[in-house]
Structure formats: structure tokens, C-alpha cells
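I'd like to ask some things about the structure below.
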Amino acid sequence: MSAATRPSKLFKNLNAKIASIPMILTALCVFVGGTTWTVVYSFTDSKLLPRLRFVGIEQYERLWASQRWIVSIENLAIYGILSLVFSLVIGFLLAALLDQKIRFEDTFRTIFLYPFALSFIVTGLVWQWILNPQFGVQGIVRGLGWESFSFDPLYNADIVIYGIMIAGLWQGTGLVMCLMLAGLRGIDEDIWKAARVDGIPMWKTYLFIVIPMMRPVFITTLVIIASGIVKLYDLVVAQTGGGPGNASEVPAKYVYEFMFRAQNLGQGFAASTMMLLTVAIIVVPWAYLEFGRRR
Amino acid sequence: TDLEVTHWWTSGGEAAAVAEFAKAFDATGNKWVDGAIAGSGDTARPIMISRITGGDPMGATQFNHGRQAEELVQEGLMRDLTDLATKEEWAKLINPPTLLQNCTLDGKIYCVPVNIHSWQWIWLSNKAFADAGVPVPTNWDEFVAAAPALEKAGKVPLALGKQAWQESGALNVLMAAIVGPETFLKVYKDKDETVAAGADIAKVFKAADDARKMAVNSNVQNWNEATAMVINGQAGGQIMGDWAQGEFQVAGQVAGKDYTCLPGLGLNAVIATGGDAFYFPKVDNADISAAQETLAHVMLSPETQVAFNLKKGSLPVRGDVDLTAANDCMKKGLEILAAGKTMQWTDELISPDTTQQMNDLMAEFFSTPTITPEDAQKRFAEIIAKAD
Amino acid sequence: MTSVLVRDVSLNFGTVEVLKALNLDVPEGEFLVLLGPSGCGKSTLLNCIAGLLDVSAGQIFIKNKNVTWEEPKDRGIGMVFQSYALYPQMTVKGNLSFGLKNAGVAKDEIEKRIARTSEILQIGPLLERKPSQLSGGQRQRVAIGRALVRDVDVFLFDEPLSNLDAKLRSELRVEIKRLHQRLANTMIYVTHDQIEAMTLADRIAVMKGGVIQQLDAPQAIYNRPVNRFVAGFLGSPAMNFLDGELAAGPSFKIGATAVPLARYTFDGSASRIGPAVLGIRPEHIAFGDAAKASPFSQQVEVELVEPMGSDTLVWTRLGSQNLSFRVEAEKPLTVGDKVLIGFDPARASIFDSTAGNRI
Amino acid sequence: MTSVLVRDVSLNFGTVEVLKALNLDVPEGEFLVLLGPSGCGKSTLLNCIAGLLDVSAGQIFIKNKNVTWEEPKDRGIGMVFQSYALYPQMTVKGNLSFGLKNAGVAKDEIEKRIARTSEILQIGPLLERKPSQLSGGQRQRVAIGRALVRDVDVFLFDEPLSNLDAKLRSELRVEIKRLHQRLANTMIYVTHDQIEAMTLADRIAVMKGGVIQQLDAPQAIYNRPVNRFVAGFLGSPAMNFLDGELAAGPSFKIGATAVPLARYTFDGSASRIGPAVLGIRPEHIAFGDAAKASPFSQQVEVELVEPMGSDTLVWTRLGSQNLSFRVEAEKPLTVGDKVLIGFDPARASIFDSTAGNRI
Amino acid sequence: MSNPATLAATVAGADAIAAELGGPSGPRPRVTFSRRNIILYGTLIFAAIYYLIPLYVMVVTSLKGMPEIRLGNIFSPPIEITFEPWVKAWATACTGLNCDGLSRGFWNSVRITVPSVVLSIAIASVNGYALANWRFKGADLFFTILIFGAFIPYQVMIYPIVIMLREIGLYGSLTGLVIVHSIFGMPILTLLFRNYFSSLPEELFKAARVDGAGFWGIYLRIMLPMSLPIFVVAVILQVTGIWNDFLFGVVYTRPDTYPMTVQLNNIVNSTQGVKEYNVNMAATIITGLVPLAIYFISGKLFVRGIAAGAVKG
């Protein structure tokens, strides 16, 4: 009975490793490599083309001195927080309503979900039009005789971001509803029965029992929405182009404009690095909770 | 040979003009592959630059000459046209000579200017003023004075697309017209911040404030939609470059009868000689190189120049072409050009980065009534101080 | 006095009739067990009584009050679920008090009831814990507490122990029995475990396909099952069934062997001639000397021995049919041994071979 | 001859040591049962033997060949899983032939083996069905067939019956036992059901916390458990444990009562004085006349009666400690009855009260 | 078949009480227009209207002529239905000199979407499978990086990817774009597949290993046939994502391979004089038709797949 030798660790699961090469390459080259590259060049004064002429944190100083960047950040914060709250609330409400064993559930669900199939470009265009003061809602209401009615979010710098949010919610709540519905369907049937026997009203059951139980679903949803919010770009471009003025500017657009229009790559990279940092602040704790704890 | 040409000329007049290039080029036995990208130069340029830096260059591409392509040239990505230029003696043909200078870097020529565009125009709708019962103004001040009457008649006095480049363009036009080319150059060429903060420029910002008030009800984005408002008499006028003329032409309007144009806003008839130029990225393929040369040649040929510029509403780059067919407004331009009353424009003077900051400022100014002209001027001076 | 009365209750899910005009009458203080295989409608019946499902037809009375259309909370019932269904993010105390708070019970009354309940169930030290910090048995106790604290007349249990391991199950079984002895409430208890049913029930209702097959005291059901289904469902190791022929005499012929049925008490007036099935429980088969004394005995060969610790199950054949019998653990039998077995036909059950009813 | 040999095998999940330098030696043809509570590492050990988990230390031999680093398929093992793990999209036939095809067995050979297997397990008529069209018992049989068809030396079963209901479980138990008698292969069988362990095993390895507590024949483990854990884990109803004091004599004092230990065989040389625990199984406690004949007897009061059909469990108290004993179903005892009970100390087990080892 | 004696007694007792009490029997009466139903369906219908309005506006507008649009009311149904805008949007709308509408872009989109969807799903499902069933050292690290990648704004990566594609000589080719889509689809899809495969019983995987199937054997023969729901989700997500993509399409292709969205943008933004809203809307609907169709066809499977792959716990 001679002891067989332990095979080399490298060749264990060799097939799995080979199959994971695309993933490893993507992770290393594209995500790590690309990110590092971006961060490094954010410390240079690259203009149209990337050049390694380091200027320290000058780009960052300029970034935070820029009114436009501040507006972008504010807008993203307002949009982000409100659309997080609203899409969770609306998504959950719709899911809860659909969960009442109603008729035509499929129809309603399809109606709520279909905007998700459309691109932001399409969404932006349609809502731009609906919110157009001449043809859209304001025009109609005024046409009905209410002359002083005013609803022109896309042309009013103070509320333009809410106009964008209306469109964003229209497109995004369907998916949230879907996730919530899946979560609700995963709740043990007996919990509902127990709550009914205990005589707990429906809304209390949702609020105090079901929602806390759906924590993981909420977290997953939150992360999905958040990742979308950070990337907010197409919708703004299609709906307002950042206007009126710079009132609906968002960071992703700032990055794009500085990299390509202003031909100031360094500035664009600095802005993207700030975005990455924000993302890291959101994602790392989540990733830790989600994947770190389990292994 | 197929040659892909990218540009951002997609509005009615522009497209008609491009068609002339394509026709002339196709006639040489090559094929013009059109790569139009809609949504103004701001959208198109990044794509063009990525293509060139990404190693998949097009055959030729439009840029505004000036500093937009500077780095691409420095990086050696653009083809050197000096040989062709010497052979065809562009230096003699092209007028004013600054056009060719703008294509030159370290003594080498890298682009073909195709037209002269000037920003300093205001386009007025004769119909709108007739409706309002006031005479068509002859300069900016009269225009401002006529605004209340227009408003009363349910018109928008000033049509202005809500895009930053239009707004900052309007400011620059006002500046050139109100304070004259010298002060303009002090600000933009010498980057003299005391001038920028001074009393002269304060007048300009006051005028911009007027413009802002007059344009409050102008709910359009693209410049040609604003032009459309002038064309159909909804708006009194629009500050826009001479490319707007193409739109009037496509709409079948006649200069002097249906619309009026005032170079230099009727105050200071000087025009800038900016314009469009074509660059030819370096390629390995000999066929394409040959086609590039052909295109460069075709673009400068007298017939093409006439046909193109008539459609486009811009001025030809050669002084030796016959433009009898030109309309009222073009003739005004040609006269100013002939008189040598030209000046440099911001494209040549400040970097895109500074332009962007200007744009940001003006976008904010025009959309935020609470920003006073004084505030805006102060920030303007700061930008000029740091400009490059 | 009748505590729960189910009258002609039917229930359909779509076109499937799950309960078929079912009648049930549970006297005050009785421990009734609903026993049956999976899918027979036990939970459905319980849910109907609780008001969690709307009956399709029929009436339900609790404490002589027609509650057919009442909400669950107004029926005076408490329910314990298989999956415990504790509110996971509330403490044990929160779980116990949530229903009371909603019913608007005064604060000190709530405290008092929780104190009493936790004393009965000995969950005092657990009050501040969350369900996830409890063991299976403790969770089950809290689930019972949640019903207990509401001071209800009728307790409904839906397989409350089936998620637990065997050891805990037998412990909690005893606890539930003690609880019933102490509270003397009416309890209706659903299970598919016949040991649980036998040990807990005052009466057992054996269900199959939405119909109650037999409703009687455990020993009666065990010893005199009304049909072959009930006979086979109760008892572990299971009853032996031997196919054969009822003959005059009366006797039961299994191949060449005849079992004399003089001591068997026939039921009703069914035909006593023709093919039939004889059922006999493994523990009613004697062997060795005891077999000799039996009215019927036979020499057989041991085929398989299953020691189960406390006793041993021995498999053999009678004619060509499998037969098992139980012997004490100490009796050493090995495969191939020839032994004499026998049983008293009075303890057997005979069923007709088509419908399976007791003869 | 040794069929499976596990030598000093350890296994860690991260920092948790699930198996601790475990040794096991299974002779050819033996039916070994791994028995233990949930989470004790039974499945882990089985997976190590199958090669589905890499051991952290130690070696595994199958048929005297070191297979520590072999792939599962090369170890000559077949495995049957708790959840059946049938490939849902393949027919039964596809399930059976999948492994053979992977091994490149010729077509007609595959046919032959499937024919033989389906004859042994009587699944011939099911061959063309999908697993979803099978009942639980049939699925289990197919799962066994999948191991059988591969003609392996060692069968590994991981709780193959625990998803089935009690009735089916006891039927399939008998089938597996018959299968073993017929094939005479080595079988290693994991379960936490002690009845299964007792009935099936040639030897049982009782595990706890990754360590084998006792490895012996079923009756030996049942009657002479090496520690309190093993004693409590086997047997249902569970063994009674009575706290008390070992005194000279030797005798065992429970409060005022003394149990004479003259007939008890002590183990080893542990101290025979001081606090200890006496364990006695319910079925070893006699009552009534039989109790009088016992070396120890005592008058007690009945507190609770649990009829279980075949017999009845009676709960009472000795001193202040709970005690249960088993009586035949016919003996009518009711709560409050005073009875005499007694047992033979030779059948009891005594454990030290701290470590719990047998004294 | 109940014990006759017991049952008879029961029923007799029951009758006595029932005679006394009578009262409700059978199912609880259901009011169709109960307050609950009115609120429930009212809210749902109200919400449905909000979600449907844009679609309605798009369709209605696309069927109107320009004169009618200038009249103003976007909500009024067309007086005279015309399909001309559709024809124009599909076949003749101009961008620069190209006047072939969306038709070219449609086929480009198909040529981009199909291989991208197939490739990205193929890669991601294998990754997810490897991560769920064949954990090797470091796999989790790569996976975490990958997930982080899901949050990186695309703008950040445009430039580095331009350089990478240039270096491997794929810039501007369809292959390059397909690779880009696969890369950016990978994080979310891998997460979905990993979650799904881990939710499948591990014993199945073990059984297959004992049966001698290898990495690919198990993937192809065991895992794939069981993964329909998650594949549906992946296909839906990828088709909509890639079909609707604008940024990559415009940056990494050339005009003759522009996808539909880029052409849509060109058409919408190259206004020749007045904005032709009807054509724009028709173009918009045509562009959205493919993903919409997929949703309407497989919406039910989508929810099921989401439940299986995305939402755990």
C-alpha cells in the first residue's frame, strides 16, 4: 500500500480554470486594468490624447471648483435618493397589489414591465414630448381652459431633475416590481395565515412582518437600482441634453463631455475616478455582506 | 475607391451641400461613403477621434479648423498634405490666408479648408416684424427696442436653441459687435483678464442679459429649430452663423424679401473667418491615399466650391470664384471679406477646454435668471485668466 | 357540549373537490387527531375551520356559534403551523404580543398573559431572543405560545412536529399531551404520523381523499379498522395482509392452509363467502411455545431478520405471501430457522377483496 | 479482506475541523451504517470516501488501492443520494446508462446491464419514463439502480430513505437489506434514523462531532453503549437516565432508593464511587408480577399514558425524576394508577456524570 | 365509509344545533364592488394608465400627419390614420446623404445582437457554472472584481477599451463590438447564472461526477437542460440591453454597421427644418419592437427566472 502522491494543485480543476479564462481576463485586463489606467491618467494633464505628464491633483482641484460638477453631483444625489425611494416604494406597492390573487395579473404585470424593454433613448424622447409645454400635458390642460396651469419640468431649471425622474421611474419600476413580486412569492404561506389568525391587518402584516423578511430582496434590488443610477446618462442626453443650461447635468455626462467634447481627458478621468470611488463606497460593503460572510 | 467621409452636416441645407461634394467626388470614379453623425459637432467629434485613435480611421473627416485636431496632428495621425498643397499652390488660392495658416503646424499643411463661416449674424423675420407692426430693425439696439412689440404680437423676440454652444456663441457675437475686434482679441487672444472684467465687457453682458430676457419663451433645442421659428415668423430673430442661411434657402425664402440678415449685428461689420476643414487620417492603403488626394483636390476646385457654398450658405475659400448666383446675404459677406475686415474667432484662439468652460457658464447664465450679468462677468474673467 | 362542528362542508379548488360534504363533531375538551396520507385534505379541513379558506358549501360552528363567514381572528381559535411561521424579525416576546396589541388588549394584561404562557411552556429565558437564535424545539414551543397567549377555545395544530428530529418529536409529543391535560381545551391536531396520532388522540379521524374513513378512539381504530386502508395506515411495523378465500365453516383459506374463524366476530351482514383479505398485525403473531397454544399455527422458515433494538421483526412466508412478526430482541432467530408461528383469529381483521371494507 | 480503509482522515472547511483523524476499516461484503445526529460529519465522511471532497490529511484505500487522489469515477464506488439526484431531463434508462456511456462501455453491454439491473430492482416497466413521472419509492429504486448498473465494489448510501414517508421507508428498508443479501457487496450507509441503522447494519459506527464514538454490531451498541451519548441516541422510546450516586456495595442511590448493582458488570477500572447516571431502557422495565421477580422494584404512580398501538408507553416518576416504561397494548393502565415496577440492573448502563463514559 | 354508528350520532347532534342556529352557510358572499376591490383595481388601473400613456402617445402620434400634429393635442386620436410616417421611418428618412431610414440599422442590429447574446450567455453561463460548482482558489476574488465591474460607468471604460481593441486589431469591426458587449454583459449574467446553478441540488452534480462525467459533460448534459428559466432571463436582459445600446454602437462601429439605435438618434436629431414628430415616433416604436415583442412573449418566464436566479433568501 504505497501512498500515492498528491497531484499538483495547479492542474486540479484544470477545465474549470480554462473555462474561467474569459472571466479572469475580463476582470483583470478590462476592469482592473482599465480602472487603474483611468486612475493613473487622472493625475496627468492629458488633453485630446492620453499623455503621461503628471500634474498631481490639479485636475481634482479644478473638478471640485467647477460649478458644473457640483451641480452634477447634486443632481445625482437628488435623483438617486428620490428614485431609489420611489422605485422601491412604487415597485413594492405594485407587487403587493399584484400579489392579491387578482384577475388579469399577467396583463397588469406586462403593462408595468414593458417600459423596461425600451432603451433610455426612447424613454427620454417620449417623455420629452409628453412634458413639452406646448404639445404635452401643460398644453392639454391649458387647452381645457385652465390657462394658468403650469407644468414644464424640462424647461424649468429648478425642477428639471424631477422631470427626468418621472421618465426614469416609468422605465425602471417594472423591474423592481418583478423582483419584489418574486420576493413576495417566496414568503412562507404560513406566515400570512399566522398573521390572519392573530388578527393583524393586512398593511401591518406587510409593514412589520413581510418587508423585514424581504431584506435580501431589498438589498439585491437596491444594488441593481443603484448601479443603474450611477450610470445615468442616456436618459438625460435624450430628454434634456443636460439643460436647461446645466441644470440637469449628471456625473456620467460630465465625464463624457470633458473627455470628448472639451478634449480634456485628464479632467474626465478625474471625474470618473470620483465616480468609481462613490461606486466603491456603495458596492464594497454590499459585496462583503453578500459574498464575504458566506465563505 | 470607396472613401468614407465623416461629418456632422445633417440639417437640410448642410445635407444638400454635402451632396455636392459627394457628386463631384463620385464623378472622379471614386465613391463617397457618407458617414454623417447627427447631433452637432459635439456628438460627432468624440466618435471621430475614437475612430482615429482606435486605429480604424475613416478616409477623411470634417473638423472645424483651429485647435480641435491639433493633438491628432502632433501625434502624427493625420496625413501631411504639404506636397499636394505646393503642387496646387494653395497658398495663392486661398483667401484669406489665415485659413491655410490654421491648417499649418510646424510649416506643414494638414487640412483642406472648404468654406468660410462666420458667426456674427443676426437673422430677422420680416413677417414677424410686419405682424408686430414695427419696421425691421437695422441693428441690435433697434432689435432690442422692438422686442416688446413683438412680444405683444405673441412672438418670441429672440429664437435661441437651448444648447450651450449656441448661447456662448451668441455672447461672442455680441462681444465682437459691441466692443469691436480689438477688445475681443484682447480678451481671447491675450487672455487679458482686466479687460475681461472691465467696463466694455460689462456692456456685452448687459446685452446678453437682454438676449436672455428676449429668449425666455424659446423652447427649442437645435439651432435649426430656432431658425425654423424665424422662418415661419414665430420669432423675430436669431443670432446664428451664416450656416443658418442654408435653412432659409431650403425653405425657399428670399433674402431681403422674406428675411433680413445683419452682419456684425449691424453694429460692427467684421466677420470671423472660421470655418470647416477636412483632415485626412494617415492610412497604409495606397488606393485610399490616392483617393484622399483626389478628394482634397476636388474640394478646392472652383466648381465644387461654388456649388457647395451656395447650398451651405457659407463663403468660398478661394478668392477667384464667380459667385454671381449668390444671394443678398452672401454678397454682404463677400463684400466684407473683400474689404479685408476679418478677424480671428474663438476656435482658433482658445482651447476646446476653455470653450467648454465658456459654454458651461453661458448655459447656466441663460437658464438661470437669478445670475446677474455682473456675476457672470466675474466668472467669465476667471475663466479667461486661466484660459489656454 | 360541542366545541367544533363541521357540517356538510365541501371545498373545491377549481374543479378539484378536496373536501366532500364532510361532517365532524368535536366535543368540548377533546383532543382530536386528523390522520391521513399526504394530500388527503387534512390541512385544507383545518384551514376551513380556522377560516383561512372559504368553504364551498356547508357550515362551521365553533362553540355553537355559526362562524362560517367570520374572520379567523373572531373565531376563538389559535393555530400552530408546521413551519412554525414565527415572525422572524421580532423577539419571542414580540411574537407573542403582536396579536394581542392588535386586538387592543391592555398593556398589563398582555404582560400577565405572556408571563403565564411562558411559565406554562417554560420559555421565560427566551423572551428576548429572535427566532433564529432558537432551536427547533424552542421555536415550536414559541409557536404554541403564540396560540396560547390569545386565550382561545380551540387549538388547531397543523403537523407541528414534522420538521423536528425523531428524538425531539417524541419529547414534544409528551409536552403537548401534558399541555392538553392541563388546559383541557379542545385541540384539533393534523398529522400523518400514526404514532403521534395514537399517543395524543382522544379520538382519531382517519381521512383519505377528502373523506373521513373512520372516526373513533385510537385503540378501536387500531384493533378494529373499518377498512383495509385504515388497517394498513395505522401500525408500524405494518399489518400483514394475506389474500385468500372465505369458506364456510367459517374459515379462511390461504392456499392449502385454512385459518379457523370460529372466534372472529363478523361485522354487519356482508357475504361471508368468496375472495377476501385477512389482516393480522405483527405483534399479534406468537411464535414458539406461545404459538402452539394459538387457535391457528403453522411451521414457517425465517427469511429476513430486522433487529430494531427493543424488539426484532422477522420476515417469513405463509404460502407464497410475505408475513412479518415481532419477537423480543433477546430471542435469537437467524435466517433459515424453521419456527412455529400462530395467532388468534379474534385479533385479525377480514376485508372484502374489492372494496376493502371490513367483513 | 479489507474493502474500504480510511486512515487518519481529517477534513477542514476553512477553520472548522469537521472530521478529526478518523479511522475506519470496512471488510469485504459488510453492511456498515454511519449513524449520528445532523451535522456530525457523516455525509462529509461519505463524500471523502467517494472522492467528492478532498481530504485535508490522511489516506483512503479501496480494495487495497490508495485512491486518496483518484477521481470519483475511478474509485469503483456507486453512490445513492438523499434527494435521489436523478437527472430530471433524462428517462430512467438515460439515467442508468449515463455513467456507462461516460465510461465508454459498449452498447450491447449497456443494454445487458440495464436489463439485469431493472430485473433486480423491478423497474423494467419504468425505463422510458422521466423521473418526474415516478413515485418517491420508484425514484429511490432508480437511484439505487444507477449505482448498481455500474458494477461497483462499494455502495455508498447517503440517507437514501429520509425523504420518504414512514410506510415506504420500512418497505424499502427491507428491499435494501434483501439486495445486500443478494449482491454481498460492501455497503456504507449513512442515516440518522436509529431504526434503520439497527435493522440494516452488520456493524454501526456512531458518530458525533466528526469522531466515531463506537463501532460495533447493532445489538452490542444497543445493549452496551460506551457512553451516554450513544445510549441516548439509540432506542425509541429513549433510554431513561436517572441521576444518582454510586455507593459501595455496590449500589446506585437515587435519592432514598438504592438499586443493588451486584449483577452489573463494570467496565474497566473507573472509580466506582461518586455521582453517576444510570440508564435503563423502557422495555427493560417490568411491571406488576414480573416486577416482583426483579432484583430491584419500586411502587410508582402513573402520570401519563401514551398508547402507540402495538404497545403503550407509561410515564411515571422515580424520586423526582421522569421515567418511562413500555407495556403491552392490552394492559389497561390509567393516569393515577399505583403500580409496582422493577428491572434487572444487569440490563442497565451506568455512566460517569461528567464525561458520560460507561463505568 | 365512516363508522356508521359514530357518524350517525354526529349528524344527529349537528342537526339539533343547526336547527337552533341556522345562519350563514357556504362560501362567504363576495361583493364584486367591495371597497377593497375598488381601491385595489382602481390603483392598478390608474397605474396601468400611467404606464400606457407614453405607448399610446407614441402610437397615436406615429399615425398622424404633420398638419394634425401641429394642431397641438398629443393625446387626441388621429383623425386620419396614415402609415406614411412608418414607411418613412423605415425606408426613407435621411441622415446626411443616406436616405434609407432604419432598415439598414435593423439588420445591423440583428447582426450585432445575435452573436453578442449568444457569446455573452455562453461565456457567462460557463463562468457561473464554474463558480457555483467547481470553486477553485481565487475564483471568488475574480468574481468580486467582476461584480464591481457591473457598477463601473461605461464612460470610464470607453477609452481604455478603444486602446485595447486597437492593440488586438479589432477596433471598428463587428467582432470588436461583440466582444465589448460580452464583456459588459458578463458581470450581471455571471451573477445570475452563479446564483441559479448554486440553487440546483448539489447532489445532482455529485451524482454526475460519480458517474464519470467531466466539467463539460456535466455542464452540457446535466446543467444546461435544467436551466431554461435562467436562460430566458439572460436572453431577455441581453437582447434588450444590446439592442438598446447606443454608446458602444456609436463608438465602436462605423457608419455602415451602425445599429438601429444610432440610426434612430440620427434620424431624430437630423431635423430638416421642422421636427417630424410622427416619423420620430414611428422610428422609436420600430426600434423598440424587437425587445417589446420578446417581453410580451416571454414575460411570464421572466418573472419565474428572476425568482430563480436573482432573488435569494
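Which chain is which? They are A, B, C, D and E, in the order written, and residues in each are numbered from 1.
Here, a contact is a pair of C-beta atoms (placed from the backbone, for glycine too) under 8 Å apart; a residue touches a chain by one contact, two chains touch by 3 or more.
Only a predicted model underlies this, so the values are computations on that prediction, with no experimental measurement involved.
Considering the contact criterion stated above, the chains in touch with chain B and with chain C alike are A, E.
Summarising the inter-chain contacts, the pair of chains with the most C-beta pairs in contact is A-E. Note: the chain lying farthest from chain C is B, by mean C-alpha position. Centre-to-centre separation of chain A and chain B, using mean CA positions: 38 Å. Chain geometry summary: the mean Cα position of chain B and that of chain E are 43 Å apart.
Averaging C-alpha coordinates per chain places the centre of chain C 50 Å away from that of chain E. Separation between the centroids of chain A and chain D, computed from CA atoms only, is 54 Å.
Under the contact definition stated at the top, the residues of chain B that touch 2 or more other chains are 46, 50, 53. Each of residues 158, 163, 265, 268 in chain E touches at least two other chains.
Those residues of chain E lying in contact with chain A across their complex are 40-41, 43-44, 47-48, 50-55, 57-58, 61, 69, 72-75, 123, 126-127, 129-131, 134, 136-137, 139-140, 142-161, 163-164, 182-183, 186, 190, 214-216, 240, 243-247, 261, 264-265, 268, 277, 280-281, 284, 287-288, 291-292, 294-296, 299-300, 302-303, 306-307, 310-313.
For chain B in complex with chain A, the touching residues are 42, 45-46, 49-50, 53, 68, 70-72, 75, 162-164, 219, 221, 351-353, 355-357, 360, 363-368. Residues 4, 6-7, 9-12, 15, 18-19, 22, 32-39, 43, 46-47, 50-51, 53-56, 58, 222, 224-225, 228, 231, 247, 250-251 of chain B are the ones that touch chain E when the two sit in their complex. Listing the residues of chain C that touch chain A in their complex gives 47, 50-52, 71-74, 77-79, 81-90, 98-99, 102-103, 146-147, 150. Looking at the complex, you find that chain A touches chain B at residues 47-49, 66-68, 132-134, 155, 157, 241-247, 256-264, 267.
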